[in-house]
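Going in written order, the chains are labelled A, B, C and D, and every chain counts its residues from 1.
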Amino acid sequence: MNFDLSSNFNILKSETLKSGQTRFFVSKDDIVNVLTFLKNVPECDFNVLKSVSCAQIHDNFEISYYLYSSKNLDEVIILVSVPVNCPEILSVVDVFKSANWDEREIYDLFGVKFINHPNLKRILLPEEWQGHPLRKDYINEDKRLRWNYE
Amino acid sequence: MVKFFRHIISLIIGYFTIGSNLIKKPVTVFYPEKKKEHKNLRGKISFAEGECKCIACGICKSVCPSKGTIKITTKEDEGSKKVLDELSIDLSQCIQCGNCAENCPTKTLIMTNDYEYSSTDKIDLIIRLRR
Amino acid sequence: MNKTLKNTFQLNIGPQHPSTHGVLRCIEELDGERIKSLDFVVGYLHRGMEKMAENMTCLQYLPVVDRVDYLSGFFCSQAYLSAIETSLNFELPKKAQYIRVLTMELNRISSHLLWLASFLMDLGATSPYFYCFRERESILDIFENITGARMMYNYYTFGGVKSDISAEILDKIAEFLDEFPSHVKEYENIITNNPIFLDRTKEIGVISLKQAQNFGLTGVNLRASGSKADLRKDKPYLIYSELDFDVPFSIYGDAYTRYQMRIREMLESRKIALQCIEWLRKNISDDKVNLNINSKTVKIDEGLTIGSVEAPRGEIMCWLWGNGTNTPERVKWRTPSFYALQVLPEIMKGKMYSDLMSAFGSLDVIMPEVDR
Amino acid sequence: MNYFNISYFPDYVYIPLYYLIGFIVVAVLMLFVVLFLVLLERKLLGFFTVRVGPNRVGFHGALQTVADAIKLLFKEDIIPLKADKLLFTLSPILVFAPIMTVWAYIPFNGFFAVQNSVVGSLIFLSLLSFPILGILFAGISSANKYSLLGSLRACAQTLCYELPIFISLLSVVILSGSLDLNDIVSAQSINNNCFGWFIIPSLLGFITFYISSVAMMNRVPFDFPEAESEFVGGYHTEYSGMKFAMFFLAEYASMFILCAFMATIFLGGFLSPFGKYISDFLPLSDLIKTPLIFIEQFFWLILKTMVLVVAVIWTRATLPRLRIDRSLEFFWKLILPLSILNIFIVCLIKLFMGAR
């Protein structure tokens, strides 16, 4: 890791995972400048955003961005935590185009709203679906389900 | 022009490789008459022969991915010991993954090689093992 | 008047269409034969893999994992299990690693064969379809002898593999691998420099390197556009560091090079499988194939671990959040076809309508991976 | 007592009756040939791809197409709601009728052809460009975007394969000197063995005629109207039951007739390649010999057509589908100049040979 992220942004926490990637905990509002910084600075040059994933840990959503640099085969994960009651975050589609459908899926399954995303609609579930299934407090009252009418 | 002739030659080679298959023996297996023999297929679940050794431990129920396929009812024996009354497996829900057959301590559940167990009525697909 | 009269023609390649691999709806604005805009509607095959993982124990979830990408079941279970094994830092026995690599490479060949069959059927050549399935049938028979099932294997467990491979199955695999190059030569004769096939696939669906990286493509789609990124070489897992094989790549990035890449990759997998068989034949005696842990009480401790594997379609990544009990807190699947499908509207603007079929076929997208 | 020339009815009854009977005989014969052809194609495609083809119905699948035909007869004939009823029912007739009538013009042997007309080959090819009208009506009237696009593609393709067909026919007419099919066949029997056939002088004409007739039959390298991977069924997506059977039979009938026509004009229709017939050597009286020769001539025509039909099925097994604009380019830029070049070659040959 030949770059120092903490000089430009305040890193709340940084740790390395068992599977070898280092993870930086960054505050919610400067996620876009962190990703542009990592993408454009020549010596770190993370030009591939492999995946955007989200998990609900003790009533806030942890959204992690998995960045990979094809030049020096380096991986880093940027973690952002968003409270459950007001899930708002800036969208990174104009930095990395691959985040487009990822963010739509997170909006669809978790309900996190991404500001200035090109077309924030449900991607996996039908348009008129109520609720966001992957939340811990999600209960499906559909009468046709087996355990609802037993 | 050379590219034109190369295309013609590759077309002719393509024709003759397809034509050469006319001579080869067809590989179709005529299903209902001749069946492929399966030695190690994870097919339909059934119970081991002989006296029922099931101790109603419920491991198979806890290990099965599709919930609600295996139902176990127990009854009181004379020494107020919990004994199996009936073990029923709903074959229409079973995905033949083999988890239960592996983790059964007394090896009562085994996987046979039979894969044609369709039936017109859902009730026939529930197999039962009584004490 | 012409403001209301849209001179484009909205065509709806609906969920039931012969050439969408699985269930995919694509709404197109056609201006004559040219595609003006393309929009995909996905989600018809959404089975809720990630929600299922939250109320199933690790062992219960194992058979479900093969169904994330049902054409390459071994790769998904390897991704899920490498996540668990790194979090509990198990050290797999050598023989289990060799058996895993052997079965994975055979699965890569069978998945590429099915891709070749359906790609050529989209272009209209109907007869190579049956030759590919003849080979794939012999691979599935081998899998049935090893694991007991043709596509839903449930063969890997937490410490290795469930059962050993006997000697005569190794001979059967070796015999299949010996006659495999002659079959590949047969496909090459019919297709590779067939002028009509060249017409349909050269310079069609060109993806530049920058576009591929910007859209997060991985696997053959990325290597055909010029990057050498292969997980088996960059981050060698299992025993790939000990095997020698090379990774085919090229710079043109059109449908034809992707076809060539996959044919060469099949031959590479054959080389890897032969090395594994040779090692397995040497120590056929030692039968320690798994750590025989009591798989019912496998507990994943706190925190996130990521297991990633180089699948035939790209890189499958399994994010695993544990919470100390044996049911994971959250499982997230990163599947390559999800990103390959995003590229299509970008590269197909203004192209012919029948190019969509060959470009879409060459990207090897299948719907269970997109919808999970 | 001339018993025969008492005619019970006036003349205008006998002439149409003569043509009607001839037409009915040929039509029934053609139905059996098409049934056999569909089965031949499915079995051949099966053997090309290392499988067996239909073998359940009848002995080795012999009755498979009969079963299909009966099934299609009893299937419900759905007309889509928004379809234009008149055009929808008219188009299968428009496709099927010309192909049935065209049979009358092929001379089966020295003596019998249902319809001998002086401009036989011209009528043959112009009648065969009628079905395009039916395909266009089918596409427009069945209110379905796929069939509309499919039929538009079919019409675009028509323009490019009609011209080479007529030009290669022109080269044959130059060689034989007349448009009548019987004269063309007799012109090919000059030094009565297979070197007199018109395929030797105008080989290029044979190739262009073969390629454009494959396009006329909508067979694989150019089968845009019903490219199943792009347009689900092309122009006959909305058809079912008897209407679909008509389209289906029309396609196979046009395949057989075009191969028969190619055999007559290029491969010497009913002439035997060795000039002599087996029945010449049999020690029979003259009265029985001529009908035997005619039967053998008929056999030679069928054999040549079968060889060409197998060649067409073989192209279907090997070649993928061309893109529509590449195929138009292919026809305009390659096939048309080749056929015009062929005209020059044929003229030069005619000039130098001059012996005919």
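Heads up, the rule we're going with is that a residue touches a chain if its C-beta (ideal position, glycine included) is under 8 Å from a C-beta of that chain, and two chains touch if they have at least 3 such contacts.
Just so it is clear, the model here is predicted, and its values are computed rather than measured.
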Name the chain whose C-alpha centroid is farthest from the C-alpha centroid of chain B.
D
Contact counts by the stated rule: is the higher one at B-D or B-C?
B-C
With centres defined as the mean C-alpha position, give me the chain B-chain D separation in Å.
52
Separation of the C-alpha centres, chain B versus chain C, in whole Å, is 24
How many angstrom lie between the CA centroids of chain C and chain D, rounded to a whole number?
46
Whole-Å gap between the CA centroids of chain A and chain B
40
Chain B, residues touching no fewer than two other chains:
11, 14, 18, 21, 27
The positions of chain D in contact with two or more other chains are 48-51, 317-319
Going through chain A residue by residue, note those that touch at least 2 other chains and give them in order.
none
Who touches whom among the chains?
A-C, B-C, B-D, C-D
Report the residues of chain D in contact with chain C in the complex, numbered from low to high.
45, 48-51, 145, 149, 220-221, 223, 227-230, 232, 316-326
Which part of chain B faces chain D closely enough to touch in the complex?
11, 14-15, 18-19, 21-22, 24, 26-28
The answer for chain C against chain D in the complex is residues 9, 11-12, 17-19, 33, 120-127, 129-131, 134, 190, 194, 196-197, 199-200, 352-355, 357
The answer for chain C against chain A in the complex is residues 42-43, 46, 48, 50-51, 82-83, 86-87, 89, 213-216, 218, 227, 229, 234-235, 303-307, 315, 317, 319, 321, 329-330, 332, 334, 338-339, 341-342, 346, 371-372
Parts of chain B lying in touch with chain C, wherever the complex brings them together
6-7, 10-11, 13-14, 17-18, 21, 27, 36, 38-42, 59, 62-65, 95-99, 102-103, 111
